[in-house]
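Common to both upcoming complexes is chain A, partnered first by chain B, then by chain C.
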Partner chain A sequence: MSIEILKRKLRNSLVFTALLIGAFFMLFPFLWMLFVALKKSGHGFLLDFEFVKPIYANFLEVWKNSSFPFSKFFLNSLIVAGGGAFLTALFCSMGGYVFAKKKFWLKNIIFWLMLATLMIPGMMYMVPQFAIVTQLGWINTYKGMIIPHVANVFGLFLLRQHMETIPDALLDSAKIDGASEWQIFKTIIIPLSMPVITTVFLLSFLFQWTNFLWQLVVNTPDSTKLTLPVGLALFRGQYSTEWTKLMSASAFSIIPIAVLFLIAQKFFIEGLTAGAVKE
Partner chain B sequence: MIKGKVKENINSYIFLLPFLIIFLIFLLLPVFYSFYLSLHKVSYSTDLYNIFSDMKFVGFKNYVELMKDSHFWWSLIVTFYYAILTIPATIFLGLILAILLNNKLFGVSFFRSAYFLPNVLDILVVGIIWTFIYSPHYGILSRTLSAIGIETFSKEGVLANARTALPGIALAMVLRGAGFGMILFLAAIQNIPKSIYEAAEIDGAGAWQKLWYVTIPLVKPIILFLVITGTIASLNAFTEIYAMTQNGGPFTVTFMGEIQGATKLSGYYLFENWQQMRYGYAAAISYVLLIITLIFSLVYARVLRSKK
Partner chain C sequence: MAEVALKNVSKIYPGNVIGCKDINLEIKDKEFCVLVGPSGCGKSTTLRVIAGLEEITSGELRIGGEVVNDIPAKDRDIAMVFQNYALYPHMKVKENLAFGLKLRKYPKEEIEKRVKEAARILEIEHLLDRRPKALSGGQRQRVALGRAIVRKPKVFLFDEPLSNLDAKLRVQMRLEIKKLHAKLQITSIYVTHDQVEAMTMGDKIVVMKDGFIQQIDDPIKIYERPLTKFVAGFIGSPPMNFIEVNVEEKDASIILKEKGQGFILPLERAAFSFLSEYSRKKIILGVRPEDVKDTIFANIKDAKNTISATVEAEEPMGSENYIHLKTKFHSITMKTAGTNRVKMGDKLNLVFDLTRLHFFDPQTEKRIE
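Presenting the complex of A and B:
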């Protein structure tokens, strides 16, 4: 019996070591980024511990850089991701509600059209969306970056699926009490769907925060609305050998998302894997 | 009664309208508009502001040109190669991690988060960090390897060598993406009833046999799902190429008599045509890619159905 226990202990510690090594390899790029971001200029490639003083000096320099103002890029990213996520969550909730609880003309046709667009790879949209945004005069604007990605069909389906489980009796009794559609939506549907709305909000935030290609396409290099990834790409064009600065600039994009993920992990994982579970 | 119905319709559409308008303009219209653009060519006499309203109709000329374009065919080959490099490795690594995590161990939830975390991080940034790691001479990879006598990457690094550039990018993306498969596999494995394993044990199955005959068949739907999402990701791949290479290089490969970029995937080739303001041609490329995606989806749908 004791040999059995010993065997299991040995096995478990082997598995644990393997997991630890795996975690090291997968997280190594980010640890390395942080390490280099703290180093003195020119020491990026050296395996020493020559850190800048104060330790956040590189961050500060990048944050206040006059030709590549990362404080401005950060703010722009926050506006694009936050605004986009808010509008997506709101519009998907409103749409999800009527798809879950109402009958209306063309409901099935609209539903199938939405389903069909889910199959289309995002790359396919770049040229026509760019043409549309150009003709609307939305180049170098927040709305040009945000609006084309607000109609998130997947988010709407996710919310519809959840809202279908809200009992009709609840809505009917509110209606008898004289509540308007908007009041029912605001006081019953939204509070009862908050976990799923949070998921849609966070996923949209993540999507808009990292939507590099589209933000590159709708901004000219002199735009005042440049976001973090686009700013970083331009910054690299100028300072391709300044690895310590480049890594501190990278951290501005990575750290907020990593923190957000660690706080709201459950929502991220549920949302990101929802597509597979339905299969 | 009829009045109530009309009212419900109006009410519903008021709620749906914001979503619907954006959907129609930015998701449905582009499908048709893209086809319209693919039949046109930018006329260079026009100014930037009217570029899309002044395009010239050329019929199917863009498509004919595309079929003769060696760069386009090459980009499809590279895309396929990238899919082969990333999809099986991502599935394999995800499955291994899930099996390891399916133990009662100290720190399991930490590992779960740690492995999943890279998934949510910006591909551009991940790519830039890896470019640094892969640098020639002083990059941490080349330093570590030359310390144990491997000098393969000392001179050129990983990304300037046509043979290793795309595998290098693929490795970075596999390590970033494996946690996604892991979560799906882990959920599926935990749903497999213990009794099935116990029955297999009674029949004398060892650990490998249990994996091969019990676990893998039961997680097949997830493998298929990862193949589908992986295919779409390869057709969409752009940012990692942009971050880690110079315009899809190195340019040392010859195909159909022309020099090709070793990492120029179809997504990047599409972007490049857009950048050169060849909007009609770029639209034609996206249409062909769309058709390829739809063919894949149909094949997968059939595979899925035959499984049931």
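Presenting the complex of A and C:
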């Protein structure tokens, strides 16, 4: 009996040790970022303990540095990621509803064609998209950063799959209760799809927030619409890189994502597993 | 308050699939009309056409005298109760009841008054703040009924509302819907596949098959005088016995012979003269299980031309007993008193109640009379 318990304890401690090591590896870049962010200028790559005084000086510096408009970048990122994610969630919901519940000619073929585009790497679109955005005169604008990524086939797919599980009788019932098409969408479809909509919102927010290449391409270096990842890259000057400042700024850039995930984590997990289990 | 009239209404789906065809039906104001038939017979399609959830392919639909073919569901002033209740899961019972009124922009006090009234009638006042998830099947169905009655619509539509309930609750709700109808006096159209529901609830029954109406009549007439073999077999439980017989004429008699060397049933020509045109032809004889008697149980002495049959199984129901028998070529079910018990393999001598026989043409399956 006691041997059994001992065995179980041993097994558990082995498992947890392995998990802790795993967690450490996952967290290491993050911890390293914080570590570097606290160090004196020039000590970024040295394994010493030369910290700035006060210890948060680098963080203050990031916000106060007049030659580096971090707060502007931060705001731009919020606008681009927030706006993009909102529009993506909205359009995917509308499209998902139509593909899930409406009948029209060639519906399934159109849907599968759209899904097929998921197999093409995003980079392939970059040149034609850039050409279009340039011709529209959207260089250095929020539109240019947001709109090309608002059409999100994966989000559309997630939402269609979810909305197909909403019983038709609910929609029929709402119709008879006097709801217009828009009211059905607003009062029945949206509330019942909220977990999945949140998931799509979060995924697109994350994508837009961390998107670097596109936002670098559609902004000239003197643009006032630069986002954080592009702005952070500017920290790496031609001759030297302020690693300590770069890491302080990076630490800030993580905050919105972390906060969003914490708030939405319940929804998020529900959304990803929606329909997986019969309730 | 309104009457509903369908004139040659058809619903044909793409690929020429018939939903319902040439439906001619008039439902009077305050009437309770039941559409009944097996699955795929077009009864739900007909109801959805009336509701405005399906477009009419051809024909004319009137509600309260007004042609509503092109009027959307939301403007037809009807209410519908669905089989799976179709309650909005993210709204409280209260909000579910108020939804239709809110969309129609009723004043707040009026909404509250009506919700309370409906809740009182259906005895769901204590559930108003719950969500549908926290309700039992019967309670959910009450809420669904409540959602229909708060609107005080011109017409109630019921799409198999009791199918998801357990047997006991079904009987109880059946009665409550009937009482509710008596109280509210709103024209109602009720779809079911359950012939007991149809018989017990309807002022008028419409039996459907393969998209067509087979017969429209009041429940007792449908039972007593089914116009087709299908209706005869569908309405009544256990179903009517069908026996294929040859008709022969002999002097003052018309003789029905079971094929091969089976039983012989002589009838008086005077009473059954309509059968003479089927002389030397096959017809289908229909006998309801309660019209099959056994000479011993029914205490019939000196019975002539009895039909001998062997017991294959019995289904004692307590108050009555269904005995399944086999003649030479046919299975026959007999309904008798619960106390009349038999054993497998027993031989019984059967007589039919000759005043209650039904005859059907084997080709057209129409009633012969």
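One rule holds in what follows: the second predicted complex is superposed on the first by the 240 of 279 C-alpha atoms of A that agree within 3 Å, B and C clash if a C-alpha of one lies under 4 Å from a C-alpha of the other, contacts with A are read in each partner's own complex, and residues count from 1 in each chain.
To be clear about the criterion, a residue touches a chain if its C-beta (ideal position, glycine included) is under 8 Å from a C-beta of that chain, and two chains touch if they have at least 3 such contacts.
All figures in this text were calculated on a predicted structure; none of them were measured in a lab.
After overlaying the two complexes on the shared chain, residue contacts for A:I176 are found with chain C alone; chain B is out of touch.
Of the two partner chains placed by superposition, A:E50 touches none, neither chain B nor chain C.
Once the two complexes are laid over each other on the shared chain, residue contacts for A:E164 go to neither chain B nor chain C.
Looking at the shared chain after the overlay, A:L232 reaches chain B, while chain C stays out of its contact range. Considering which of chain B and chain C touches more of chain A, the answer is B. Once the two complexes are overlaid on the shared chain, A:Q135 sits against chain B while remaining clear of chain C. Residue contacts after overlaying the shared chain place A:M114 against chain B, while chain C stays out of touching range. Shared-chain residue A:C92: touches chain B; no touch with chain C. On the side of chain A, the complex with chain C involves touching residues 167, 169-170, 172-180, 183, 187-188, 191-192.
Against chain A, the residues of chain B that register as touching in their complex are 8-9, 11-16, 18-20, 22-23, 25-31, 33-34, 37, 51-53, 97, 100-101, 103, 105-107, 111, 113-126, 128-130, 132-133, 135, 138-140, 143, 172, 175-176, 178-180, 183-184, 187, 221-222, 224-225, 229, 232, 235-236, 238-239, 242-243, 267, 270-271, 274, 279, 282-283, 286-287, 289-290, 293-294, 297, 304. Within the complex formed with chain B, the residues of chain A that make contact are 12, 15-16, 18-19, 22-23, 25-27, 29-30, 32-33, 36, 44-47, 90-92, 94-95, 97-99, 102-105, 110, 113-114, 117, 119-132, 134-135, 147-151, 153, 156, 181, 185, 206, 209-210, 212-213, 217, 228-229, 232-233, 236, 243, 246-247, 250, 253-254, 257-258, 261-262, 265, 268-269, 272-273, 275-277, 279.
Of all residues in chain C, those touching chain A in their complex are 48, 51-53, 72-76, 78-80, 82-84, 86, 88-90, 99-100, 103-104, 147, 151.
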